[in-house]
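A single structure is presented below for examination.
Labels run A, B, C and D following the written order; every chain starts at residue 1.
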Amino acid sequence: MFETFNFDKLKEECGVVGVYRNKNIEVAKMVYYGLHSLQHRGQESAGIATTDGLHTHFHKDMGLVQDIFKDGIFEEKLKGHIGIGHVRYSTTGESYVANAQPLVVKYRRGSIGLAHNGNLVNAALLRERLEDDGIVFQTTIDSEVIVNLIARFSNEGMVYAIERTMELIRGAYALVVLTEDQLIGVRDPHGLRPLCLGKMEDGYVLASESCALDVLGAEFVRDIEPGEIVTINEEGYQIKKIEKQVKKASCIFEYIYFARPDSIIDGVGVYQARMNAGRILAKEHPADVDMVIAVPDTSIPAAIGYAEASGIPFGEGFIKNRYIGRTFIQPDQSLREAAVRLKLNPLKQNIEGKRIVMIDDSIVRGTTSKKIVNSLKKAGAKEVHVRISSPPVSHSCYYGIDTPDRNQLIGAVKTVEQIRKLIEADSLGYISLEGLIASVGLDNDSFCHACFSGSYPIDVSSMQGNVITSSKVFERL
Amino acid sequence: MFETFNFDKLKEECGVVGVYRNKNIEVAKMVYYGLHSLQHRGQESAGIATTDGLHTHFHKDMGLVQDIFKDGIFEEKLKGHIGIGHVRYSTTGESYVANAQPLVVKYRRGSIGLAHNGNLVNAALLRERLEDDGIVFQTTIDSEVIVNLIARFSNEGMVYAIERTMELIRGAYALVVLTEDQLIGVRDPHGLRPLCLGKMEDGYVLASESCALDVLGAEFVRDIEPGEIVTINEEGYQIKKIEKQVKKASCIFEYIYFARPDSIIDGVGVYQARMNAGRILAKEHPADVDMVIAVPDTSIPAAIGYAEASGIPFGEGFIKNRYIGRTFIQPDQSLREAAVRLKLNPLKQNIEGKRIVMIDDSIVRGTTSKKIVNSLKKAGAKEVHVRISSPPVSHSCYYGIDTPDRNQLIGAVKTVEQIRKLIEADSLGYISLEGLIASVGLDNDSFCHACFSGSYPIDVSSMQGNVITSSKVFERL
Amino acid sequence: MFETFNFDKLKEECGVVGVYRNKNIEVAKMVYYGLHSLQHRGQESAGIATTDGLHTHFHKDMGLVQDIFKDGIFEEKLKGHIGIGHVRYSTTGESYVANAQPLVVKYRRGSIGLAHNGNLVNAALLRERLEDDGIVFQTTIDSEVIVNLIARFSNEGMVYAIERTMELIRGAYALVVLTEDQLIGVRDPHGLRPLCLGKMEDGYVLASESCALDVLGAEFVRDIEPGEIVTINEEGYQIKKIEKQVKKASCIFEYIYFARPDSIIDGVGVYQARMNAGRILAKEHPADVDMVIAVPDTSIPAAIGYAEASGIPFGEGFIKNRYIGRTFIQPDQSLREAAVRLKLNPLKQNIEGKRIVMIDDSIVRGTTSKKIVNSLKKAGAKEVHVRISSPPVSHSCYYGIDTPDRNQLIGAVKTVEQIRKLIEADSLGYISLEGLIASVGLDNDSFCHACFSGSYPIDVSSMQGNVITSSKVFERL
Amino acid sequence: MFETFNFDKLKEECGVVGVYRNKNIEVAKMVYYGLHSLQHRGQESAGIATTDGLHTHFHKDMGLVQDIFKDGIFEEKLKGHIGIGHVRYSTTGESYVANAQPLVVKYRRGSIGLAHNGNLVNAALLRERLEDDGIVFQTTIDSEVIVNLIARFSNEGMVYAIERTMELIRGAYALVVLTEDQLIGVRDPHGLRPLCLGKMEDGYVLASESCALDVLGAEFVRDIEPGEIVTINEEGYQIKKIEKQVKKASCIFEYIYFARPDSIIDGVGVYQARMNAGRILAKEHPADVDMVIAVPDTSIPAAIGYAEASGIPFGEGFIKNRYIGRTFIQPDQSLREAAVRLKLNPLKQNIEGKRIVMIDDSIVRGTTSKKIVNSLKKAGAKEVHVRISSPPVSHSCYYGIDTPDRNQLIGAVKTVEQIRKLIEADSLGYISLEGLIASVGLDNDSFCHACFSGSYPIDVSSMQGNVITSSKVFERL
């Protein structure tokens, strides 16, 4: 067994959802549906925590949402009208069930449930300082640091405690927090990870992406802005913005690959952003071909955009097997190629004899592109021109995305022409960073594009060498 | 728990695969990969049987291919160089593991493994006659009837036994049969269900669809013709055609919905047939709209064809959740609509303010179309015109497809205008039967289109009332 | 993983139970309780079949009764007022779930469920003859031969069919048979395997041992005599004895080891028989010692009998771990001895400084006795005298007991003195065959003691060489 | 489903084991074997933690030892030469896997694994004080309090930290503690729960009972005395006794029921203590009967002792079903009695017509005794005289044993004569407290017999009303 197919993508990280309903209305199945619509953000583990105002319940395990939660669990265990949920693709912390989220703890004022999307850059340091103070840790996840800080500062109320915590933690975080009487959402001051608020007839929803709101029939209220804390309780919702003002830097990769295309993040539709990228790519890197195809599914809108802008017809080039899960029987030597074709079979009928532009959203290590290009040629494509709807990935992410070491990033170590040769494409073109930013249609200043530019909005020097240097940050404790 | 979402489709039935490799080369993983590529043909149960020339092994269970077979099973159990596999969506027979296929039996000359796609129309009668003869049955599947007949006639060899069996059984069948020293493929005289032959460096493959050949890297040799028996052993393959000549009548629904678009069946590419249907539909039922969308995934090629022929741009209208399995937590009342949106969320960004043509491949009961049309209108579509790339389904299938009773088929009980009103579309158009046949590009005479036309190639009167009338068919026994 | 501890015993074979209750009273849980009380007769697989008069249901799997049957199964699946059950320790047939019993088949007159304890000596021959007739087999168990014969002869009713079947099958069998309207019990003409009948307020019970009757609160009616067929239906029960008269030869090992001590078989209490054996052993092989101990649990009554007859006090010598199942983690080299002590730890406090007589019920291969004797000596026993409450096992069983090949039977290849040396006992004495027979208190002629005497009541020559010689037995078919 | 059969016993609590082996020798299977031999002390959950000096690993789950640990786990996960294990019958804390032990945490100096047998009386108070300090808790078990305290005090080394912790915690505890380089054992100052030390060729063992030493082939070194801390590392073992001197008060119920009879606790053999109790009981409450029987298995030695002292023969009165686990299918109304007989069937052959003394170890609620007495009478016993080898249980235990509320203890609310009538015995006699103490053969002062006498060695007033009153105990923190 092994994790099936590394299709050479950055891995999604995590998704969070929180639902507050009026008292005496069960919330767990809503959390479940919301979580299911965020499954693309993490397939390793999932969990739900709920509270009925007195008791806090949780259930979490390794696996997919629909395999972890069975009918009886909702009725027997996950009772209550407030709930949070989490799907995880492990980025930090080892991979076992104790590390699954939400993390639920008891503290002096009751229970806290916490679900976290993102990655702190000073977690190790904070952890060390807490340990110096005698604190023990039962997991290896950042969230345990956060929940300890919140508990410490909790004497003057949750919002105060979260504000104090936000002063200490550095990095990317979108949090949903559950207490016996409220649901709280938090987005880090840079807004690295997304979070939005929706309203239903009988309550509110917080979610990483607006597609969860759609599924639950909730009306979109607004994005949680960077540095905001939203508190939802019987009186409705209240938003507080922490003072510390920093440059907004939301993750541009959400638009390229992570988010579901039907989500709207920070006011920009993901589908439209991808189509725009395709249109811009067509101008930056035109090609004289017969058909535009996409590597399904993410690249389809960019391919449609490319087709529209270039006037070249869009067609399907691959059939994707819809039944392939995370794990898979290891192929024998003679089946190595079969394993690739099993996932993505070229549509010979459409390709044979044609010159093709193939749109892909990104190249990370470059291990798969060659196989795909070759499979098109074997299927009869006369030419295969590769167009990438993001710039070369050349720097690691420290904010919650699982990137390989820099020396494994092909965009960091090879030129475009070298990459073209390697993947045996007839031509290769990446969208420019400016083009990408224009495709999202917002101001340059508002994104984190460190993976392309190396321009990190939060200092990550302590992460890069894994050397944690002295710091004053904890002195307040 | 319930089977998630009836998206109002005819259900796939079964898929079969058989692989013969040179001696001392393990075959089981190849069967597994082939089976995986046919998973769309049946998700209820799956099984593999193999032989090493001396012993015949099998493993089968309820569930998906990748959940049933784990690494150890191949090494410890499924040994040998000849193997067959089966995926099943139950059409006849109750739903439990004893009914899973392949069926493996011992008989006077060794072992037989049999995997069957299709449905006999005289199975009950044959079963009764065999029971009269003292035979006992341990399952409720047709295949047990077939294997009993083969065993009875086996004294003069397998091919003779299969020929004799084919004289008795009536209905749809594509079979792969395993013995200690050969792999045999059989297609019924009408060719109702597909079967094709591929060649690898070290052996041969039989499969319901050519996409399995692609995955295994096998070269397509030819379709097994109706009424042919292909025998594969150390000497290569031999084909025998039984004399009984009847009209070819291969299932046209394979092209509309069942088969994978990258498969080529009886010489016709499924993807191209679907695109053609879209093109013809555009001529038969034009629409003055801004965008052509598909109900994913099956209808995408027809939508692209419609777009091409009409000059109206193709766009994506829905985002499909890729993680939804067969079973699902039952929604509360307040989540009924969520359950639909969870599977298929309209892509508001693309739809808002537009007049839309939505292409779907078929309407069976009509229960889902209204929900989908409405979800588009809620998402802001100004008009929704529905075009169906098959004629109204108005008759039940008795040849292996799970169709509801005729009185539940909306195409049998309502006019097109009544259906339009019911699904609240602005207009509704079905492709004509002639248009559909033309889209496949073969001669009218070569298809079974009984579900549209009521013109059954094999008499099904005994099935319709479940009354098994007297018959001479068994006298030979 | 491996089957934990071969404690050098003949393996139990199978247990059967059948319950008939008045209409509209659910029977499945009764079968379950009955089956649970027979769990000592087989721990490999278990199954239950029930009928509600119209439909026949079954559930079977590998494992223990309480692990296989969960609450929902009774309500949802195993409906009806007649039921049979089976526990199995595999003796013939490979070990997989298809071979679990009861075997349920459909035949010309409805359904038959069959559970079989015992082993036929001419099954291979009969199977061959049935195969010659075109019959296919889906399992490797004798029961499939029996059910095929019954089905063949079924035109004149079940009792007739069973009689005809009994004319053909040779060997050991206690059967319970289920049809839509009756429960039938059958015991072979020699009575090799036990079967008894009990009466409850609202029905009847058939079971391998009377302890199942006790558990169900049923009153013991009588043993089914050798060659009898008992039919239970709404009119009560009827017994028919087949004419073929042969010498009774019930298995004497049931009294020594297989049966539960609280069972009464053929009129003799198993506990009393074991105590008697101990008493006789005390006379045949006295010992000048301080304490009599047993290898728990089977040998306790014999040890108490020995103590009583000799005047030497009985004491406990070992503590048995009650939580050890069939499978167990393989010990490292350094833990080999731990694995034995884990199961059976000498009770040092009781043993130290004492001369001991240790009673065991049998020695088969002799692999464990040495370890046990040594563990007593290590625990401080001054002398260890071993007394065995059965004669040396010197011949294989062909009637349903799993015995090793003769050359592995220590009683067949070594003298008593050689065995004594091997197991390092201070003295060793086996009860005489006459003594054993006297302990059961019935006439010599009524037992099968072939495993001690080699005197087989049914010819087994065809089994010994695995050569199936010609036979006229099947001519009637 | 429900926990099968309340056989009216106090429930075992927990068992702990720790093994230290020389470097580079794997320890996990040893822990597993040791744990298996302590399975009688808790069947709800089990866990093992190991360290290889760098990394600490653990695996724990609900269920029996042999079901939780599978072969691969040892090789792949539980690496290292030091290990601890725990079996649990839940006494405090809810019943879910997060509450299973060992508890493994990271703290400032590395990792701690902790397994705890016993119950603190001031855990809630300490927890509250820790929470006041900002600590969060992820479980509901006492052990999390202990491990937090140890971590707090850890700056001056583990032994110092444990000493400081022992100053704060009050109640019963036998601990095994794992760090990267040592194994530590701790017994509370009263010695309420047992712990002993053994020596192997290549290391040391700590265990709740000496039977685990026997199984592992370890030589008994000595009991850990009340208030002692034993530290095992590469230099051997060192013992430190904390100064705080209090009266020894080891749990007398270990001898009556909890411990395995082959264990030696604080110098006294459990088996001999039970036999002694039987002898004394025979003198305190003689009976004119024909046979002495035991309720198996615990009461057998007492019955043998009674038989020996009275001259009345010992015999077996019941057959116990060895295959009954914790859970069981709920019986129908008509099977309520079957459920009892399934577990314990009277041995009619031995009982019929006899006057019986039945020895039982204790009566808690009195719910089962009547059923058992009646089952003997139904089986033909002429008289049934009940003798109990412990005094009436009349007070709850707060030191780790699961006792019902006082008002449910039949010994607290009824006289002996009332109990006799209730259980329908012909006579009833309990051993006196003096007799019980004499049976163990140690000084009165050295036991806790609060459950009989109400004389609690540690103040439990704060537990009884669940009101936690103010306390100075935490001031040092």
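Everything below uses one rule, namely that a residue touches a chain if its C-beta (ideal position, glycine included) is under 8 Å from a C-beta of that chain, and two chains touch if they have at least 3 such contacts.
Values in this document were obtained by computation on a predicted structure and should not be read as measured data.
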{"item": "Intersection of the contact lists for chain C and chain D", "value": "none"}
{"item": "Centre-of-Cα separation between chain C and chain B, whole angstrom", "value": "49"}
{"item": "Averaged-CA centre spacing for the pair chain D and chain B, given as whole angstrom", "value": "61"}
{"item": "Contacts with two or more other chains, residues of chain A listed in rising order", "value": "none"}
{"item": "Full enumeration of touching chain pairs", "value": "A-B, A-D, B-C, C-D"}
{"item": "Sites on chain D touched by chain A in the complex", "value": "98, 103-108, 112, 128, 131-132, 134-138, 140, 147-148, 151-154"}
{"item": "Touching residues on chain B, where the partner in the complex is chain A", "value": "1, 26, 29-30, 32-33, 36-37, 39-40, 43, 64-66, 69-71, 74, 211, 214-217, 260-262, 264, 269-272, 297, 300-301, 304, 308, 313-316, 319, 321-325, 327-332, 334-335, 337-339, 341-342, 345-350"}
